[in-house]
Amino acid sequence: MAQETRVAEEAKVEEKVRMLDIYIMGKRYKVPEGLTIQSALEYCGYNLVRGCGCRFGFCGACGTIYNFTYDPTIRYGLACQTVVEQNMVITQIPFFPAAEALYNVEDLKPKEGGNKLAELYPDILTCFGCNNCTKTCPQELEVMEFMSDAIRGDYAKVYEKSFDCLLCGLCAARCPQGLQPYNIALAARRLRGAHLAPKSQHNLDRMKEIEEGKFDAELEKLKKMSRDELRELYDKREIEPAL
Amino acid sequence: MAEAEVAEKVRMLDIYIMEKHYKVPEGLTIQTALEYCGYRLIRGCGCRGGSCGACATVYNFTHDPTLRYGLACQTAVEPDMCVVQIPCFPTAKPIYDIKKLRPTVDQVLGIYPDLATCFGCNNCTQSCPQDIEVMDFMSAALRGDFPTVVEKSFECVMCGMCAARCPQGLSPYNIAMLIRRLHGRYLLPKSRHLEEKVKEIEEGKYDAEYEKLRSTPMEELRRIYDERWIEPK
Amino acid sequence: MPYPPYMEESIRKLEASRQRRMKEEIPLISSDERDIIVRKYHPDYRETGKRKLLLGPNKDETMPEELANQLEGNSRVDPDKVDLSKIDYDVDVLIIGSGGAGLSAALLVQENGAKVLVATKLRLGDSNTIGAEGGTQAADRPNDSPVLHYLDTMGGGHFENVPELVWAMARDAPMAIKWLEDLGVNWDKETDGSMRELELAGECRRRVHSCKDYTGLEVMRVLRDEVRCRDNIDYIEFEPAIELIMDDRGQVAGAILVNLETNELSLVRAKAVIVATGGLGRLHTQGFPTTNHYGATADGLAMAYRVGCSLIYGDSIQYHPTGAVYPLQLVGILITENVRALGGQIINIDGEQVACNLEPRDILASFEIRECTERHKGITTSAGNVGVWEDIPLIDMIHGEGTIAARLPSLVHKFSRFNIDLIHEPVLVYPTLHYQNGGVRMDANSATEVPGLWVPGEVGGGVHGRNRLGGNATLDIYVFGRRAGREAAQYAKEVKLGKLTLNHVRQWQNELERLGIVKERPFSPMLLPNYARQPSDYLADLYTEKLQPGLVKLA
């Protein structure tokens, strides 16, 4: 059993913790306060197969939709990062069908006057700005804003605003037009990284030097050194200041 | 099962269950395809006959991203289908006492205030596996036209897809439920003959006749039965 | 037109005979003749597929073997591993099952001031009731009376019904309709409020109340909504009961539940238990497909049998004559008897009527089986299923265009998904496993021989004799559900429970040991059928592919 759950069991036994009512797919359970939705599921006996990944907020596997018995407003979170609250009503959406354009990153190179994203995902133009995507985002990204940027072909802005996206898919699950902001943003970020970000000249120069064999002789010399010689060289090497 | 026996003679289709690729024989429903692939259903399976809404499924195709919706037990698998079931979606269900309600729009809005935030996007209609004109009955609800709500929502199996897809977080299926009950209790005319018959029974009008039949010997009972007058259809 | 070419000739003949058949009346056969045809063709009377019970209150009686397996099954509980002092729920009344009977009982228990818990195997309301289409009988018109309803029911049941139970049902029927009307059910009515009523098979008056062909769904939606609206009715979903708990005074005192998703057990201590677990369709007796829902696995019968309740007519199974046969995806699903009440006729491959379309279900099923087997006049599909036609388009010819669409929307919709247009095309049908006519022996309040246990609804037996009339099942559940709720609530106020025990399970297992059949019998209750294709099936695929040894096939 995961550590959080074991600790919770012990605390419960010692009556140190308050028990909360939560509803998993409509079914009521009592769980100790302080658990995340994910550990609460496990506390209740569910052995997760779907809906569980890195367990610490990076992979988007555990997208969860919830509300409260006293408040029907739909809310969204990652199960592993969201703490249970009293009267929470929970459902996980481990997958939602979404369009995924197939492309070769070379072909992402944007052309003058065109919008590569609209080419790959033509439905993007049907977005009517309802802002549901922003509401669903467990990473609190300004999804609606980067969707507008995408429609305008401003790939750089999409990259900036979507950087924290975990591709959990909740925006696609709730978009009334059936769009998939997370896939659109992914294409924009790849496009930007491959074709728009300034190239790293020193990296290119170094690659050239290596291919031309500039460092080969020096490496051969090091390989022939004895252990003591190597150690001496190592201890005396100049260390660049950190800052 | 008959379907599995036929499998050797039919063509195999590629389908994707939560993106996982499987090959299934043509002719299965989404539900039996899941079972063919080895899933033993606990959630997402109920009457298996299209009446209970347990198996609501969202799907699209690898060649067409348009979202579609169906009941898994009533939808045949097609090549390149990508499916996921949504067995439950959070909606807060308000508590009310039907005996204390008035059959008016104000009453409905009092219980479901968010109804007024509907902006007519029509996702509810698109998501309905029963092909119900949900948007139409939502408008009818706002207009106070309850008979139209009843008529248009009658086939609702309460699967919850409309709630899962409404951008405003509404539950059309719960709203229609309330209105159908208000209609059934307050707006349909009362059945006079029903009330009269209930009164007669409670006064014991039929007790003696039953006692007589109860103690009639079997031969005689059969004769009475065979000779009873049958009302024409 | 989606019917395959090999069916076209038969459909032409059906269409050709339609005008003539509209005026053709085939008389009903007499009750003596009924007994004869049923014995010859009805699946209940087949020699195979049944066996004598080896233990329990109905020892030496013959039952369908699938049911016998459940009744003689091993308990899922090891009494030595259960600590009966660790109770998870302590209530006045525990209700197992949440269909029409279970939820009617829950409402009445609550109204009578007792604390109630509903435990259900799937979602609240998942049941056979929800798929019921035809309607509910009640003798509420001036030219009808509960006595005639009683007489019809007795005749339909081959006069083997328990009279007190039939009278309770017929008498309470109009009250049940009224109760549901007050809760907000939209019964089909004329503009002046009078109920629109149909006459189903075996009835002498029009007395079936319906809500289009969604009767069960409409009522279940309302009952479920009302249960949710009453704040003090607790319910747990996906937690079926696997064993009843007794006390040392011979009273039923609760149940053990299992969470289907997590395998955890919960113990419920209850002063009264209402078992409303419905039918057994998913046991597929005699290999038939079924109209029943996923959870219809005879759970209540098995548990009640183990605490000492006897069954009445446990061997009497109803095969509904109009189960779908085509397309393959819809095999077994129900085509409501309302179709026949509205004039739909049963037609063989030559376009001729098979029997009077309003014969009671066991009779018509027997006629259809005779037609397709002995007389070879059925239509065989490419999947190997056989059936006869039900001529639905006739209904619009009799009652006017638009009748089918207005009165049978559920049916039209279901088949339209597969490109079959029931307004212009017939449907292929054959008997399908639909209902258990008998069940646990009970009294007029559905109380059993064992104190503290009630069995309203399909799980209880005796009301319907050896064949249930259409429209009586969705009446039985409300009448006996309400009576059970009322009586159980009262009983719970008075009873004193003793020490909880599972000794009945120990005794049961000892008896199975003594008979040497422990390993041969499955665990019961079954809980859910297993339709998942097994790994061994994959192996079969491998062998047919003639793989070289050492190669692994990735599915």
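First chain written, first letter: the chains are A, B and C, and each begins at residue 1.
By our rule, a contact is a pair of C-beta atoms (placed from the backbone, for glycine too) under 8 Å apart; a residue touches a chain by one contact, two chains touch by 3 or more.
Computed from a prediction, not measured in an experiment: that's the story for all the values here.
J.: Looking at mean CA positions, which chain is nearest the middle of everything shown?
T.: B
J.: Please identify which chain has its centre, taken as the mean of its CA atoms, farthest from the centre of subunit B.
T.: A
J.: Top contact pair of chains, counted by C-beta pairs?
T.: Result of the pairwise contact count: B-C comes out on top.
J.: Where the CA atoms of subunit A average out and where those of subunit C average out, how many Å apart are those spots?
T.: About 49 Å, centre to centre.
J.: So how far apart, in whole Å, are subunit B and subunit C when each is placed at the average of its C-alpha atoms?
T.: Comparing mean C-alpha positions, subunit C is 18 Å from subunit B.
J.: In angstrom, rounded to a whole number, how far apart do the mean CA points of subunit A and subunit B lie?
T.: 38
J.: I need the residues of subunit B touching at least two other chains; which ones are they?
T.: Where subunit B meets two or more other chains at a single residue, that happens at 43.
J.: Which subunit A residues touch at least two other chains?
T.: 26
J.: Can you list the residues of subunit C that touch 2 or more other chains?
T.: Within subunit C, the residues that touch at least two other chains are 123, 238, 261.
J.: Across the complex, what residues on subunit C touch subunit A?
T.: 123, 236-238, 259, 261-264
J.: Inside the complex, what are the residues of subunit C that reach subunit B?
T.: Interface residues on the subunit C side: 30-31, 122-123, 125-126, 128, 130-131, 138-143, 145-148, 150-152, 154-155, 159, 163, 167, 171, 174-175, 177-178, 181-187, 189, 191-195, 199, 203-206, 211-212, 214, 216-218, 221-222, 225-226, 228-229, 231, 238, 260-261, 291, 293-294, 328-329, 331, 333-334, 341, 343, 358, 383-385, 409-410, 413-414, 417-418, 528, 530-535, 537, 544, 555.
J.: Provide the residue numbers of subunit B that touch subunit A in the complex, in ascending order.
T.: 18-19, 43, 58-60, 65-67, 82-84, 86-92, 114, 119, 121, 123, 164-165, 167, 169, 171
J.: Under the definition above, what is the set of subunit A residues touching subunit C in their complex?
T.: For subunit A paired with subunit C, touching residues are 26-28, 44-47.
J.: Can you list the residues on subunit B that touch subunit C in the complex?
T.: Residues 1-4, 6, 8, 22-23, 27-29, 32, 35-43, 45-52, 54, 74-76, 93, 95-99, 130-131, 150, 154-158, 177-178, 180-185, 188-198, 201-202, 206, 209-210, 213-214, 218, 221-222, 224-226, 228-231, 233 of subunit B touch subunit C in their complex.
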